[in-house]
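Each structure below is given as structure tokens.
Both complexes below contain chain A, partnered by chain B and then by chain C.
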Partner chain A sequence: MFSKRLIPSLFLLCLLAGSASAALANQTPMERIKAAASELIEILSDPDMQDPAKHDATISRLRATAEKYIDFRQVTMLSVGRPWLKMSQQVQSDLTEAFIQLLERTYLQRIPVYEGQDVEYTKQLISGKKAKVFTVIVDKDKKILVEFRLKIIQEQWMIYDVVAEGVSLVGNYRSQFAQVLNDGSPEELLKMIRERVEGLDKTEDDKDQVNS
Partner chain B sequence: MKIVEKIDRQFLVCIMVAALLFGMAGMAFADDFDQVAQFSGRAAEQAADADAFDDEYAESENLIADPLKYWNMTWFYLNDGLYHGVFKPVATGYAWLVPAQPRTWISNFFTNMLFPVRFINNILTGKFDAAYMETSKFIVNTSIGFLGFGDVTAGRARNWEPERPTADGFGQTLGKAGVGHGFYLVWPFIGPSSVRESVGWVADAYCDPLTYGNLTFIEFAAIRVYKNVNTISLQLVGNEYEVLTEGAIDKYAAVRDAYIRYRAKKVAE
Partner chain C sequence: MLKFKKETAVGLFVLVGLVAIIYMSVKLGNVQLFTDKYYPVRANFTDISGLKINAPVHMFGVEIGFVSTITLDQEKDVARVDMMIDKNVKLTDDAIVAVKTNGLIGDKYLKIAPGGVGDPVNPGDTLFDTQPAIDLEDLISKFAFGKV
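Then we have the complex of A and B:
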């Protein structure tokens, strides 16, 4: 009797679990990275990209695309480390927003340097809810090994770290943030990130003035 | 018969007591459950956050010992200032003056000249295919490529890639042999290093033909500076150093972390 009831319920459970991973199975981690890359390249090869008047619009398009594939809350959280758990929701979201702006200015605004570099997808490793996708970016005679780290967040593979030539973005920021949080408060860290963003905006303006 | 009845009764009592206990426990759980439910969104989020810290990045906070931090920081900021104030402007002017092609030839020449460093360390780390490839490239580029100015082997079918990337110096070889970094060191003009990499750097200097030229220290330094300027002139836009330091809230920590991780990756390959 016991087993008669157990088997159908187990069966039901399997079915439910199966349908949950079916949603994921639509895209493997590597397919996610490929989708992200092709979407970014599409924006970058748009002639609007070269138009300085539409610069801001393009950047916000790039950011919206990046947010589809990268979980910035995770990126910030892991960069901050354990002190994150003691921060208020407000501080957490402020930090995330400031950090997005910093990354956007450091990386997104640089992508216009893109000149049709080739991306080779080497392999993917999946272990439970985490995955790594290994790629090689070929830039003229240089080869750059880039590894993407993903985890399942709300049924989707989301990027939470990028490792270029062994240097992890999250790890690199963790080493900087740890020092600040050791000596000071989360607000101080927030202030420093915002100041850096302002600093980058200022040099960007200077460059524009020189060019015009 | 009597015994069986007795056992039956005891059994019944046991079950009743158990049911009672479970019921009470259930109520107690229900109490907790209510409390959790009140702020379940936040609690669930916090639990998920805590879950994410499986210490994948725990080592980032103490990647390498840095007992000479203030000494290192002094030289780091001097080097950074020299890069932005002297080397980059000079390299920009130089790039404006000299077309990219001759600058690439010069870069090839310096690369070709360091063949002994790569060859010896390839042998020491058992990368025999890379050692073979380096030798054949050296012979062809030095002769047909006119002392290494031309990289005539680039892109040729016979220029296959070795299984593991070619060795880059004795520091890497020491790392492969299991020697640790010791601690972090920054040298004026040379940049980030460690005890191990400094030893490697000296050993590599012995394999660098330039050190066998009959040069005074000033001449030697001038050549090194020129080589550096030439290298920077070929990567003026968006080079790794600038991307890393401009996005950093603590340049010093960012470069230290990137240097140690990059070396670890080189040792692993």
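Then we have the complex of A and C:
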């Protein structure tokens, strides 16, 4: 009786495990990074990118692509650390959204026109559910070492940290957030990030006015 | 009677001297014999230039352990660093271990930025998120002479 019940459940378990590993085997972490890079390069090399009128549309295209490969909730959670567990769901999602906007303003707005920078894939290290992909971005004679850290989230390799020239994105924000959260509440951190985003938007507007 | 006293005094003196020598070598040499104060944790780095055995491990600037062994893993092409961490310090697997320099040209040490949202780290586990030693000279040359 017992074994009769057990067999179908075991079979189901094997099937589930099989499908999970099959989904994982579809793409190695390095293939995932390669796919992300080629998709981003395609958007960046689009002539529309240089058209200031279509700037916002391009940014949102870049963001949609980035969200396919980067788990921003995970990035925010790791940057916040332990205080994350005490935050309400609402604060967590507000913080994630504000953090995405901050990253967008800090990095995307500054992305220059794509000038044929090459990406060399050095190696990948997989350890359980985590992986590192080492790449070198070659920009003319400059070589920048960039390491992507990935984690299996919903059966897919998703980026949760980027280490450029030995400096980790999560590590950098973790120390800054810890300082704010040590003195204040999560709401204060949220307010601070939003103010920073507004500040960055303002300088961008000023620059546009000067240029026009 | 008198002779016996003299010999006892010499013997005692030698004994005290020996105990003092053993105490000093254990204390100064950082010998960790018969201690269960620490648990081992491993981390792999792509570059640890300057990091030495017995270098301290810090968290928020507080010393919580030391580097016990440094080996080369040629299969993965990484430097494997084994640390001994104070038993009272609990780590989670999202902690970031970074090779840092004391001041601009000081000694290298390890800094752990605790995460707090990951799974607990058990003795012998490997911390996955690491930051290599930053080569300041390399960075300066890259940005000072990089452009044509």
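Heads up, the rule we're going with is that the second predicted complex is superposed on the first by the 194 of 212 C-alpha atoms of A that agree within 3 Å, B and C clash if a C-alpha of one lies under 4 Å from a C-alpha of the other, contacts with A are read in each partner's own complex, and residues count from 1 in each chain.
The rule is short, and it goes like this: contacts are C-beta pairs under 8 Å (C-beta built on N, C-alpha and C of every residue); 3 or more make two chains touch, one makes a residue touch a chain.
Remember, predicted model here, so these are calculated numbers, not experimental data.
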Clash or fit, chain B versus chain C on superposed chain A: clash
Should A:200 be classified as contacting the first partner (chain B), the second (chain C), both, or neither? first
Check whether chain B or chain C contacts more residues of chain A in the superposed model. B
Report for A:98: first if it touches chain B alone, second if chain C alone, otherwise both or neither. neither
Is A:134 touching anything from chain B or chain C once the two structures are fitted on A? First, second, both or neither. second
Check the residue A:125 against both partner chains and state whether it touches chain B (first), chain C (second), both, or neither. second
After the superposition on A, what does A:174 contact: first (chain B), second (chain C), both or neither? both
With both complexes superposed on chain A, which partner does A:77 reach: first (chain B), second (chain C), both or neither? both
Going by the contact rule set out at the top, does A:166 touch chain B (first), chain C (second), both, or neither? both
Which one of 80-88, 242-250 or 260-268 is the stretch of chain B that crashes into chain C? 260-268
On chain A, what residues does chain B touch that chain C touches as well? 77-78, 81-82, 84-85, 141, 165-168, 170-171, 174-175
Chain A to chain B touching residues, read off their complex: 74, 77-78, 81-82, 84-85, 89, 102-103, 105-107, 110, 113, 141, 145, 165-168, 170-172, 174-180, 189, 192-193, 195-196, 200, 203
Touch list for chain A against partner chain C, complex: 77-78, 80-85, 123, 125, 127, 130, 132, 134, 140-143, 147, 149, 161, 163, 165-168, 170-171, 174-175
Please output the residues of chain C touching chain A within their complex, sorted ascending. 44, 46-47, 76-78, 94, 96, 98, 113-117, 126, 128-129, 131-134, 139, 142, 146-148
Touch list for chain B against partner chain A, complex: 42, 46, 49-50, 52-53, 56-58, 60-61, 63, 154, 237-238, 243-244, 246-250, 253-254, 256-258, 261-262, 264-266, 268
